[in-house]
Amino acid sequence: MTTRSTRATMAKLLAVLLAFTLFAAACGDDGGEGAETDDVPTDADDVAGQNDETGDADFGTDDDPDTETTEPSPEDVPVRGGTLRVGVEAETDGLNPTSNNFAVSAYIMGYPIFDPLFYFDQDGNWFPWLAETATPSADFMSWDIKVREGILFHDGTELNAAALQANFETAITDPIISLAIVPSYPPENRTEVIDEYTLRYNLIRPNQHFPVGLSSQLGMVASADYLAAAAAEETLNQAPIGTGPYVLVDRDQDNVTVLERNENYWRGTDDLHLDRIEIYINTDTAIAAEQLGTDELDVVITSNPDATLTARGIDGVSTLEGLYSGEDFAMMNTSKPPFDDIRARQALTFATDREGYLTFIAQDTKPLADSMYHPDLKWNNPDVVQEGNMPELAAPLVADYCADVPEMCNDGKINMELQFSGPSVTQTRIMDLLEDGWQDYFNITRDLLPQDQHIIQTATGQWEVVTWRQFGAVDPDNEVVWLECATATGVISLNWPKYCDERRDELLFEQRATDDEARRIAIMQEIQADMNAAYTYIFFTHANWTFAIQDDVRNLCGQTGPGPAGAEDESITLQCNNQGRSFFHNVWLEDAS
Amino acid sequence: MSDMDAETTIVGADVDEMPDDAVEKELGIGFWVCIGWLATIGLVALLAPWLPVTSDGAQGGPREAPSMSHWFGTDANGRSVFDLTILGARTSLAVGLFAIIFGMVVGGSLGIVAGYFKGKVDAVIGFIFFSLLSFPQLVLALLIVNAFDQVSLFTVAITLGILAVAPVGRLARAATLVFAEREFVLAAKVIGAKHFRIIIRELLPNVLIPMAALGLLGMGVAIVAEGGLAFLGLSVDGGESWGITINDGRQSRDLQENPWVAMFPIGVMFLTILSLNFAGDRVREYFDVRETAF
Amino acid sequence: MAGSGHAPLRDDPNVLLTIQDLEVEFPVGKGAVVHAVSGISFDVFEGETLGIVGESGCGKSTVAKSIIRLNDIKAGSVDYQGHKLADLEGEALRRIRPDLQMIFQDPISSLNPRRKIRDVISEGLAVWGDDRGSWPQDRIEELMTAVGIDPKYGDRRPHQFSGGQCQRIGIARALALDPKMMICDEPVSALDVSVQAQVLNLLEDMKERYGLTLLFISHDLSVVKNVSDRIIVMYLGKACEIGNADELYEHPRHPYTRALLASIPEPAPTVDPSDGDIEGELPSPITPPAGCRFNTRCGHASDICFTEEPQMQRVPGEDHYFACHHPVEVSVGV
Amino acid sequence: MADPQLSVRDLTVRFPTTRGTVQAVNGVSFELEQGQMLGIVGESGSGKSVTAKTLMNLLPRTAEIEGSVMFDGQDVRQAAADGRDHFWGVEMTMVFQDPMTSLNPVKKCGEQIAETIRYHLGQSKSEALAMAEDLLGQVGIPEPGKRVSQYPHELSGGLRQRVVIAMALACQPKLLIADEPTTAVDVTVQRHILNLLDSLREERGMSMILITHDLGVARGRCDDVAVMYAGRIVERSATETLFGDSRHPYTDALLRSIPRIDQPSHTRLDPIPGRPPELINPPVQCAYAPRCRYAQPDCLKSIPEAQGVEGMHEFACHHPANTDQGREALAANVAAGRNASGMPVAGYAGTGGF
Amino acid sequence: MRQLILQRLALLILVMFAVTIATFASINLSDTPLKNFIAAGAELDTNGHCDAIRAGEMDDTQQLGQNVGDCEYIDRIKAENNLDDDIFTRYGSWLGDIASGDLGTSTTSRLEVSSILKDRLPITIRLVVMTQIIAIGVAVPWGLAAAYRANRGFDRVSTFASFGLLSIPNFALAVILLYIFGIRLQWFPTRYSNNGWYDELKSLFIPAITLGVGLSATYQRLLRTDLITTLQDDFVHMARAKGMPDRHIMYRHALRPSMFSLVTVFGVNTGALLGGTLVIETIFSIPGVGRELVEAVIRTDPPVVMAFVAVIAAGFVIINFLVDLLYGWLDPRVRSS
């Protein structure tokens, strides 16, 4: 076993666990769930078609004529200079991709600092960025990643295979980051340096979709010197060193993180229009949205329905809403009573007021969800219907259960604990709503916990029912880690409900090994049906990550990544609003002076 | 006694030369209006279980404007703000009342004992008060509330009660010091009354009045403090209080489009605190207690 | 002056209270103390009225309060019918206190504003119940009548009464315990002149009716003389002259006594008005002068007065004692 | 005869309160010649301080004032209404009972004197301070140079009262009103202060009103004395006349009620029974009648007018003491055992009187 | 004076002691994630894995996560945090660190607490200073005006107004002012910003007003009451008898002796505001001491909470000590005693 004795402290664990959430500790007024897991090792969630060139990014807002989407017209001439002020909902604990878990705000700050190895074009196909080529072995059991030559980190060191390896090894030995990676790699010989710029990754199962995993946090490459230093001095997690177009110049936690143009950027600085990017934390998202109206912010990224609604109502502000960003749901812990019994899970599901959730919590800014996929997506199984709002069906199940397990019941109701994080107005509202539906069949004890405790207790299985946000990745391969049996046990399990299904594991790994899209679709639809039948998740709505943008902010969706090596000018237009993540390097402000 | 009859037939307040002191003090109509409001709120809060109010389930759509069916409109979850305000009064008033009673009993006892016995007792108790005051109040509340797993009405009330101990105690101590110097206390000593009797019979009735005045003000402070905790999300779990409801409706979009959610409870809270402040001030003035800061 | 010594003490079975070498100090911080009373000795006969007169700061009230232990006593003894009051503590002290009652200067402040006057007056009975056996509850009305308060006003509270009436109530409260001795600390100085006489007369009446011994403290020489059998003149914590009231006023020996008598607006006929022209200010009681304490202001002071403290000596053949190195031998007379 | 320096005519002061109007001063008239000292004697609540404060324009704004106050030909009340500068403090000034509270505790003595000089006389700060030091010397304060920079609490009561006097005299006022100037000090100090006031008055030809409850003080120092009771002057005359041949039963009774140093111990006093009347809505009758040994039925029907010799010896009584009329009334009451108000009247117990 | 300073110093030490104990206890006796984590590990270890691993009977790499959730890891965390020590030992070592100036390291951000404090404290201090300037600036003229004509028209109206201001819960006021001036009128920014002093001043203005409104009413009432008392003092009558103009009397005579309650309460409030701004800081997103403290409490960051509370308490004691010195300036009697 490998451990880094100098680093693996309890505090470290806390910090990283905390980062499983999308919002910083004290935030709370998030639109949906107290805790939201982000797909750590995953990749581009190429929310297909989300932003095609016709520019209709306005899903779910058809009923709202006030909302319009701004797409800069190609004739617009970029303006150089200015500061882009971006508002996000939560702070991140740190910006070291190998030890801090990246949620949306971390990606907003991180992408400009680090270039990813791979990223996605607007059609959802991956392309190499820092990488030059990605070459699988014939059996897809290993991949050779070759990085471009001559790229320097902000500290002047060079990007090479050794740096890649340092990043990977740091991540996989990190107590938390490793959780999701480890199951895919052998214990020994996980990577090999092939030549100065090529690193080979060895896998335990065939994987045809390996590069997508290097499009997000794991694909962000930090300077090896920096990683070594950060291992010794954790405060350096606040001062990351990457290769990206912008350099971190100031970071005032819980307030603002400031980036300035990297004048030595390897792709040149001609297209880096903005002098400066300031990312502000505003845990009160509706206020953040208002700050667009008061011209204190240029862009606000939010998943809060109130903020979305606010932004929609502000003149001179457009919203870019993404409904494929994940799902809001409640889940049940199948490893302990009462929800180890499917009758209890069914009863809870039936008694859930999903309609109320749509009306009161989502406020119709996002549609009801039946499964982990939006109906527009090809992976969706249209036959799967999430049950709810049928309390009459709950009664007999509860009676039945209580007859069998009287010790879990009182007054003919099942005793349960509803755990949620807070303090948060929205969370409380959700709990109130859920309780209104459930209380006829369940004796509910509320357990409000600070967010960190909430996450730890959830991760360690000390919970019965929690609300959560997850899924939403386009590529099914990204969901494996949340569903496979390998992560259902252990002190910390990423398969939160601890529901292990051998058949599901087979299906998951089958799709990983194939490039046959039809087969993969069939598998995922089967998995959705299984999940529905297992009654482990109660889906409420699809999440809606919204970019609210001042009209003078241009080119948010026209940004490009590097084209194939040797054809630098043929850059590739990037995927826009990827679960609330975005780049800003090609953005300009129309009125920048 | 030759003059006795004449003497005793003219009994009344002395008229001093400067008539400022001769002004017969009255509590005034304002005081009774305030008491009336407090009584109404208190009564409604007390009777809430038998009134047709509930916080369960949606009674209307989200954020409906005030109407005949929902006088104060509805909140984001479709609950009647009127009902929430009444149910919130239960929490807020209970917390305020309990906190200040706790403060008066504990702080008052300590303060009187300190002021009466002076010396070392006073030093120790004074130190406790000073230490308690050295914590910023809400921070102390935060720490206490945080130490509990489940925040109940009782937790909040106890927490705010602990906060009230030092201010009430210091007032009681100061008042006791003043009264303990008065000759009627010496007279009681000379008569041979025991300490306990002197404290209960001679000091308490006098100290109680400034304490009551402060108590009314303090109850307002406790109610606001509960609101502050609610704002930080640390008030009663799953309960209703004014602070919780206000916090619920405080976002700018709410203030703009459905201000009733926050404004009605703010209004009721404001009137209640105003009444407490005003009534407390009247009591203070009526009994000629010097103004103190809580 | 500053007479020390036991000369004025009388060896007589009638003595009710004997005070010897009483010393009282009050700390004023930084280790400094106010020498409020510095060794004073006197006695009181049963049924006698002893007046203590002196200017503010002379320690007269402190003497009074020391007797019933409202002050801590630094040294000296207070002997009341065999009880060493200075040494008593706690319950023993509490048990003896009813015998020695006190009337206070501020009649309003000496009554609890929150209590009905009937309760105020019967407080002693409530405390002692049958322990003292006198003045049963039903005789409270009688007591009220005796001091000139109509019992029908028993349910009123102190603020509804005038200063004179409050002082009557205070007297009734003290009387309710059937005390042997009443200590009156400036009982009339807060009252208007027309009421002052009522209270003085009442005290005389009560003294006669209940056989009280009075210790009467005042800064007003006329008032003290009016009620007292025997008078002590105090200056800066010491007694300078003690004697029979009429004798002392008629033949004052101590320069300070003379100065006092000459200073009042209508000077006593027995002194030369120019005797009132004493110099300077009262010295600090924190650092009192050595020798005779009056030496800083005395026109007669000689070297000995600055070094040696005068002892109390008797005027031959008279109940009259003084502490002075240079007493005025011949009174000016009328 | 020239106009008197101060002439008060029918001065009435009322204070509206929630319980009714307090008749604090009721038709008070008196004159004061330059250089004279007038004593105003009365118990608390008799209106003597209110009278003084009226002259000094110190009453609260709620006070309703009627009557005229002329000083050196100027209408004082008009000066008040005009908010005239340099009148009070320069023309007339006042010292108060308690030297402890009459000085601002947070300002140095010298400053407090100097500010008056600076304001009224327009002197520079250093000049004013020099004058202050000089004044302190004049009022007999030792080491005036040191006292100038001392705070009031650093001085003894006697010195403090001297500072107050120095402050009052800073601008050479023509009239000094001393409101119980010695009540809060000991007799030895009282003597010094009264002597000082006497000598200053003589030196400066200043007039003075001495307000006191102490008959002895008034007797020893004043040219004229006015006795006030329940807001009215009940008797006014030259000092010797008043103390030797008082007419008003109240004056008479007051003199009898105080213990005298030349009487032997245990001399029974003749107290005035009862207590002063309330000043709120008083009945139309002689205010003293309920306590008066002389009171006859007519005393209960009307308020007696001032009689006697105007400017010499005036008194407001239907049955003046030490007259035949009075003696008859007293005899009748003694015989009846009660006066017209029902108060028991017996023969005098003691030996009072002069 | 020296005695006062020494006394206060002793008091400071004692209070700090009490405060640290209370803080430490409230943090360490409650359920912390640390304990929860350990408890979770123990709970999951019912099958005796850890004993087996310690005995070398089992290969811990078989466990998920290799280095998370394994027994060695849990053991080490326990050791690093002294969790096996009793609470007194832990308190002692913490106190020792604090006393030697080592405020510790945040368990979440891993930043030195002293550096967090260095960032946060000046902002809160600026907010408090601004609040007090506003409150005093409003209260003193207002109190003077009200007392000058006590119980008359202006005073009655102002009494009514002061009760109104006193009775608005400041969180409600914050929300309303933020909405009106920040969002509707856009006169002031809606969040803290510090691009230069003017910018910062502007962004702190509404929060300072929010905090200052109630305070100014409190101060005004205290000053008014004391002034009315002072104006009945003889020395004020004396000053009037000397013919001094009213303005002079109000400012030069009456004001200073009437400021005791005001100064006392000013001191108490300054101390209290240091940590009492937490609701306002949260609403206005001001990265000050209060907000950091709230967040630290919520995320359970014991070193930050304990150090901040200790510093705030020290600030309270020190400010009240300064107020004691101020008494000396206000009243020479205090100075000389």
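Labels for the chains are A, B, C, D and E, by order of writing; each one numbers its residues from 1.
In this text, a residue touches a chain if its C-beta (ideal position, glycine included) is under 8 Å from a C-beta of that chain, and two chains touch if they have at least 3 such contacts.
Since the model is a prediction, treat every value here as computed from it, not as a measurement.
Asks: So, comparing C-alpha centroids, which chain is the farthest one from subunit C?
Replies: A
Asks: What's the chain with its C-alpha centre farthest out from subunit D?
Replies: In terms of C-alpha centroids, the chain at the greatest distance from subunit D is A.
Asks: State the pair with the higher C-beta contact count; candidates are C-D and B-E.
Replies: B-E
Asks: Averaging only over C-alpha atoms, locate the centres of subunit A and subunit E and give their separation in whole Å.
Replies: Result: the chain centres lie 37 Å from each other.
Asks: Can you give the whole-Å distance between the Cα centres of subunit D and subunit E?
Replies: So the centroids are 56 Å from each other.
Asks: Between subunit A and subunit C, tell me the centre distance in angstrom, where each centre is the average of that chain's C-alpha atoms.
Replies: 91
Asks: Would you mind listing the residues of subunit C that make contact with two or more other chains?
Replies: In subunit C, 162, 164-165, 198 touch at least two other chains.
Asks: Tell me, which residues of subunit A touch at least two other chains?
Replies: In subunit A, residues 284, 287, 290, 423 touch at least two other chains, as defined above.
Asks: What positions in subunit D touch 2 or more of the other chains?
Replies: Correct list: 44, 271-273, 275.
Asks: Show me the residue ranges of subunit B that touch subunit A in the complex, using the header's touch definition.
Replies: Listed in rising order, the residues are 55-58, 61-62, 76-79, 149-151, 232-234, 237-238, 244, 247-248, 251-254.
Asks: Help me check something: in the complex, which residues belonging to subunit C touch subunit B?
Replies: It is residues 65, 68, 70, 94-95, 97-98, 100-102, 104-106, 109-115, 120, 123-124, 127-128, 145-150, 153, 156, 159-165, 170, 173-174, 177, 198, 202, 205 of subunit C that touch subunit B.
Asks: In the complex of these two chains, what residues of subunit C are touching subunit D?
Replies: Residues in contact with subunit D: 55-56, 162, 164-165, 192-198, 200-201, 204, 219, 221-223, 225-229, 245-246, 249, 259-266, 268-269, 276-278, 281-282.
Asks: Which subunit A residues qualify as touching subunit E in the complex?
Replies: The touching residues are 1-3, 5, 8-15, 18, 24-26, 93-94, 173, 175-176, 178-179, 182-183, 187, 234-235, 237-238, 252-255, 280-284, 287, 290-291, 293-296, 423, 450-453, 456-457, 460-462, 486-487, 489-493.
Asks: Inside the complex, what are the residues of subunit E that reach subunit A?
Replies: Residues of subunit E touching subunit A: 31, 33-34, 36-37, 40-41, 43-44, 60-61, 63-70, 72-73, 76-77, 80-81, 105, 107-112, 119, 178, 182-183, 186, 189-193, 282-283, 285, 287, 291-292, 294-295, 298-300.
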